[in-house]
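What follows is a single structure, and I will ask about it in a moment.
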C-alpha cells in the first residue's frame, strides 16, 4: 500500500527492457546516441511539431535549466504558491538562473488564474532597474494539488502572460497524468496553448530517471547545451536515458501508464469519499488524492503498513478548516498501484 | 574496435542485473533506499574507514560538488594542466563553487609534482583580499594522460598541499584502474595518502551512470546534501544508483573490470610498440594508450571501423615533436574490450 | 520644495569640509587610511562595544554584502513585505548570496511582528534539503513606511528570530532617524536588542556616499573583506569614505542632522493633517510622511515645482482605501529641508 | 616621496572643486543628474562618437561589470598574464560573469601579441560544450608593466581577436597615461582600433572615485544598467561622480594630469638609470618605473620615508635574472608627484 509518491515505484517493464536492450555493445554518448535521436523523433511526432529536446536525469534539473534559459539573473519568475519549483527544489532555480527571483502569486487559490498575473502587475514596481521585472510564468501541470489545467486555462494564462511579455514554462513532472486526464492532444495543452518550454517528466510515471526539456520556441534553446553540461547533467552513457524515453513514448505507453495511475486515484477517492469522517479536499483530476483523515485512521493505516505523506496545511483550500482530530494527507497512485492495494487501504480507512 | 572512450561501453552484466533486480516493488527514494545504504557500507569496508558517501549520476557533478565544499568563491583551486576538471567540464567548477578559480600548475610535465605547488606559491600574490588564495589541490587518478600516481606520490603531493593549508580532492573517474594497476589497498592511495575527498567513478568502468563522492574528513561534508539537491543531482529513484554501486563493489568486481581494461591496454600498447612508424608517448599504466600514428595508418584504421579520438597536441610530452605525417591519438580500453579487437587493431596498424 | 528623497540632498557642510581636508597629500588606501581607522574608533565609541566595521559606498552593497555573510545560497532570508532589500535593490541579495531566497512575511501589516515569524515557521516546509531553511531576519530601521521599531520591538523580534536559529541583520539606511526619534542609545536598538549586523547608512543623512557594515558578532565578519573586494566595493582612495564617516559621527552630527529631518517631517505632517481632503496614512515617526492627496492637489504642487514620489498602493495600510480622486504620496525630509519649504508646500496643498 | 601607487594621491584641485560646487541644493540621483549628463556629452566629444557611458565608483566594478556584459558564464576571457583583472581583483570577474573563466595567455612576454591569441586557439579544445569557448579579449592600457599599446598594436590585437569572434574590452585604469604618452586621439587607441568596451579610469589620475564604462558598440550595453544596480554600484547621489568626471574631462585636464605623471616617471627613470647597481627592467612609457634595486638601497630609501611596492618576480622580463642582492620594485608617479620628490629619491638611491 504505497501511496507515498509515484517516484517510489520503480520502472515499468517496457522501460526496463529497453534499458537492458540498449546495453548491447558500444555506443557514442553525450546525447549523440541513436536511442536519444529516436526518442527525439518520437517527441516531435507526439507533439506534432519541430521542437528541440534535451534529456536530463532529474526534474529539478529540467525545471531549473529551462527556467535559466528564460530569465536573466535580475528578473522575476512567477508561479503558484504551492509550485514544486518554489517549495521543493531547495533554491535550485536561483542557483541555475544566477539569482533570479521566484514569486508565488496565487494566494490561497488552488490554481493559477489570469487575475493572479493581473494583480501582480498592478502592484509590482516598475522603476527599473531598482525593481525587478517579471519575465517568466511557470505553470505546474498537473499541479502540486493534483489539479489539471485545461487547454483553455493554459491558453488563457499564457495569453495573459504574453500580454505582459512573459515567457511560459511548464513543469510537466506529471504532464502525462494531465494529458491522460484531459484526453487531448499533448500539443493542445502545451505549445498550442502558448507554452514556450515544457519539462516533460517520465521518472514519476514509469522510468528510472528520465526527463526531457522541450523547446517549442527553438530560439530560446541556444544556451541549453552549455548550461546542461556545466551543471553536470549531460550523461556520458546517454543511450540509457534515450532508451527509457523511447520506450516510454512508443505506442502511447506513457499515456497508458498515466491513465492507470489516474484511474487508481479516482477509485481511491471514490472509496474514501464514502467513508464518514473523511474529507476529500481537492477534486481528483490526476493521480493524487488530497484528504483530511482522522488521526486514529492515519495511525491504523500506518500500523498496517500503508505509506503516504502528511501534506502542508498551507495547501489546504480556504473553504476547509483543519479540525484538531484531523491530519492532512496526500495519496499518490502510480502505474504500479493495484486494485487490491486500494481496496485494502479503503477498508482500513473505513475501520475494518 | 571501439577505443573511443570507456564510457562508450555500456554496463557490465552484474551491474545491469542488479538494476533490474532493484526494480521490484516500491522503495523510498532520495538516497534513503536500502541499496544506497548497503553500497555505503561496502564503501566503508572497501576503504577501511568511516566515511560519508554521496551518490550522483555524473563525474562532472561529483567533481564540482566536491570542490564546491572545499573552496570559497574567492579562492583558487590548483590542478594539472590537462585535468578533466579544468578542460572538459565546461566551467562547471566555477558554476558550483560560485566563481572560484581553477589554475593548471604543471607546465608541460605529465604528472603533478610537489615542485609545481612550491613554484606556484613562490610566485602567487599574497596580498589578500586583492589576490586570491589557493586552498584546494585536485589530483586526477588515473591522470588524463593515463598515468597512475603511486601512494608515495599522492602522499608527497598531499603533504606539500597541506603545508600550504590546501585540502586535497581526487578526481577518481578512473580510480579503479589506478588501484588495479597499483595492486594497493584503495585506502593507500586515498585517505592514507592525505586525500580529503575522493570522487570515485563507476560509470567509465561498467556502470550505467553512478559516481560517488567520499568524504574521508567528514567535517567537510556538511554542505554536500544541500548542494547536491539544489544542483538537481539528488535522484528520486535513488535505489538504481545504489544498486549499481552495490553490485560494482561486491566481490571486488570493480577491480576485476578495471584489471581487464588495464590488461587490454597493456597488450594493445605492446602490440603497437613493435610497429615501425608508431610512437607510444606515455607509459601505459592504466587503461589508456597514447600514441603517435601515421596519418595513413589512422585513415586505414578508421576505414576499417576502428573508433578513437585525436588527442590535444598540448598534451604531448615535451620530449616528443609531432611530425607532419603523424596524428596524436588516444586509445581507451574498457571491461568490454576483447583480445580480438586488439589483435585486429594492431594488425591493421601494422598495415596487414 | 524637494521631498523626493533624502538622497536628493547633497552632503552637509561638515562632511564636505572633511572630504576636502582629507585630500591633502598622499595616503594609503584600501581601508588602511587613518580616517577610516578614526571613524572605526568613533563607531566603537558610539555603539559602546568592540565591533568590526567595513565601509562601502552604497546601501545596496552594505545590505547585500552583510546578508551574504549570514546565509548560505540554499537558505532563506525573511523580511518585511515592503523592505528595501526585497523591492528596491534589483536582485542584489540573490547576487551576493549566490542565490539565497528573500521572503516577505508581513502580509499587510506595516511593521514586522514576532507572529509573522511564528506563522512563517508554522507553515514552512522542514524537509531538508528539499525545502529551504530560513536562517536570517532582516529588519529595516526606520522602516520603508517611515516607522520606527522601539528597542523592545527589536529585542522581541530578535528573540523570536533567535529561537528559530536565525541571525538578525538590520538595514539601517535611516538608522540615524530612528535613533534620533527614539532618543535611545544606538546600542539599545542594535546589539543590545539582539541585532548581529547593522548596515548604518550616512548617505541619506548628509554624506556623499558612505555606508558602514557593523558586525557586533565579530565571528560573522570573516568573509566580509573577501566579499567586499570581489564585489568591487573596496575603494582605493578609502580616506574619502573614512573622512565622511568620521565627520558624520563627530560630536553627534549624525543625530543632529537626523533630528532636523525628523522635526521637519513632523511639522510637515502636522501642517498637512489639518488640510481637508488630505489623509495621513502612517504615523510620522522618522523623516517620511505618507499621505493620500487629491490628484488636483498633486498637480498644483508639481506645477509649483514640488518634488515627491507616488508610492506603491501595496504599501497602503489595510484600513485605508484609495479613492479615485486620490494619489498615494511619500514625502521625505532631509538635513537640508527648511521651514520655508514646508510652509510653502502646506500652503499650496491647502490650495492657497 | 610616495611612489606606492597613483591611487595614493588624492583628488586634483579642479575635481575637488567640482565636487564641492555640485553639492549646492537638491538633485536627482541614480545617474539622472545633469552632471552625469554633461560628463557623458564630454565623453562623446572626447571620443568623437556616440557611445553609452555608465559611471561606477571603482575600477574592479568597471572591469567586472563590462566583462559580464560580454561573456556567458560558460565562456572564457583571455588576457595578459599580469593583467589586473586576473591578479588583483580577487575573483571579481568570476563573480560578476557568473563563473566565466579568465586565462592569461602571454607567457613571459611583457605585452600581448597576436601570436598569443593564435597560439591559444591552436591548442584550445573545440569540443563544445565540453570545452569552454573564448569570447573576450581584455587588454590593459597602459599595461600592468607600465607599457603602452600603440593604436597599431591595439588594432592588430583586435583584428586577431575579431577573427576568432572575440569581443575586445580594454581595462583603461591608466588609459589617460597611455593617450598622453601616445599623443593620439582617444578614439585612435580605442574604438577606431577595434575596442568594443573601454573602462576609463579617473581615480588613479586625479579623481576621488570615478570610473566610467564606455560602450562603443551600444548593442552590448543593454544589460549594464541591470548589472550595475544589482551589484550595488549605482550611486544614489550620482551627481558627485558625474561632477568628478565632468571636471576631469573639461579642457583636457585628464591628459594634462597624465602628462605630468608620465613626465615625472620619465625623469625618475632617467635619474635612476644613471645610477650604478640600478637596473631598469621595462621601458618607461607611462607613469610607472620598474626597477631592480639593491636591497641596501631599498632599505636606505625606506628609512628616508620613500614609499613603493616590491613587485612580483613573475613580472620580471625573461631577459633579467634577479640577483640575490636585488629587490624588484615598482615606482608609480601621479599628478601630485613633484620634481623635488624625484630628485630626493634619486639622490638617496645614488647613496648620497
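Per-chain residue numbering starts at 1, and chain names A, B, C and D are given in the order in which the chains are listed.
Please note the rule applied: contacts are C-beta pairs under 8 Å (C-beta built on N, C-alpha and C of every residue); 3 or more make two chains touch, one makes a residue touch a chain.
Quantities reported herein were computed from a predicted structural model and do not represent experimental measurements.
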{"item": "Centroid comparison with chain A (C-alpha atoms), farthest chain", "value": "D"}
{"item": "Between C-D and A-D, the pair with more C-beta contacts", "value": "C-D"}
{"item": "Geometric centre distance via CA averages, chain D-chain A, whole Å", "value": "51"}
{"item": "Mean-CA-position distance for chain D and chain C (Å)", "value": "35"}
{"item": "Residue numbers of chain D (touch at least two other chains)", "value": "73-74, 89-91, 95, 98-99, 129-130, 226, 229-230, 234"}
{"item": "Residue ranges of chain C touching chain D (in the complex, touch as defined)", "value": "2, 4-5, 7-11, 16, 19-20, 22-29, 56-62, 64-65, 89-92, 95-96, 203-204, 208-209, 226, 229-237, 239-240, 307, 336"}
{"item": "Chain B-facing residues of chain D, complex", "value": "73-76, 87-91, 94-95, 97-102, 123, 125, 127, 129-132, 312-314"}
{"item": "Partner chain B, residues of chain C touching it in the complex", "value": "30, 72-74, 98-99, 128-130, 223, 225-230, 234"}
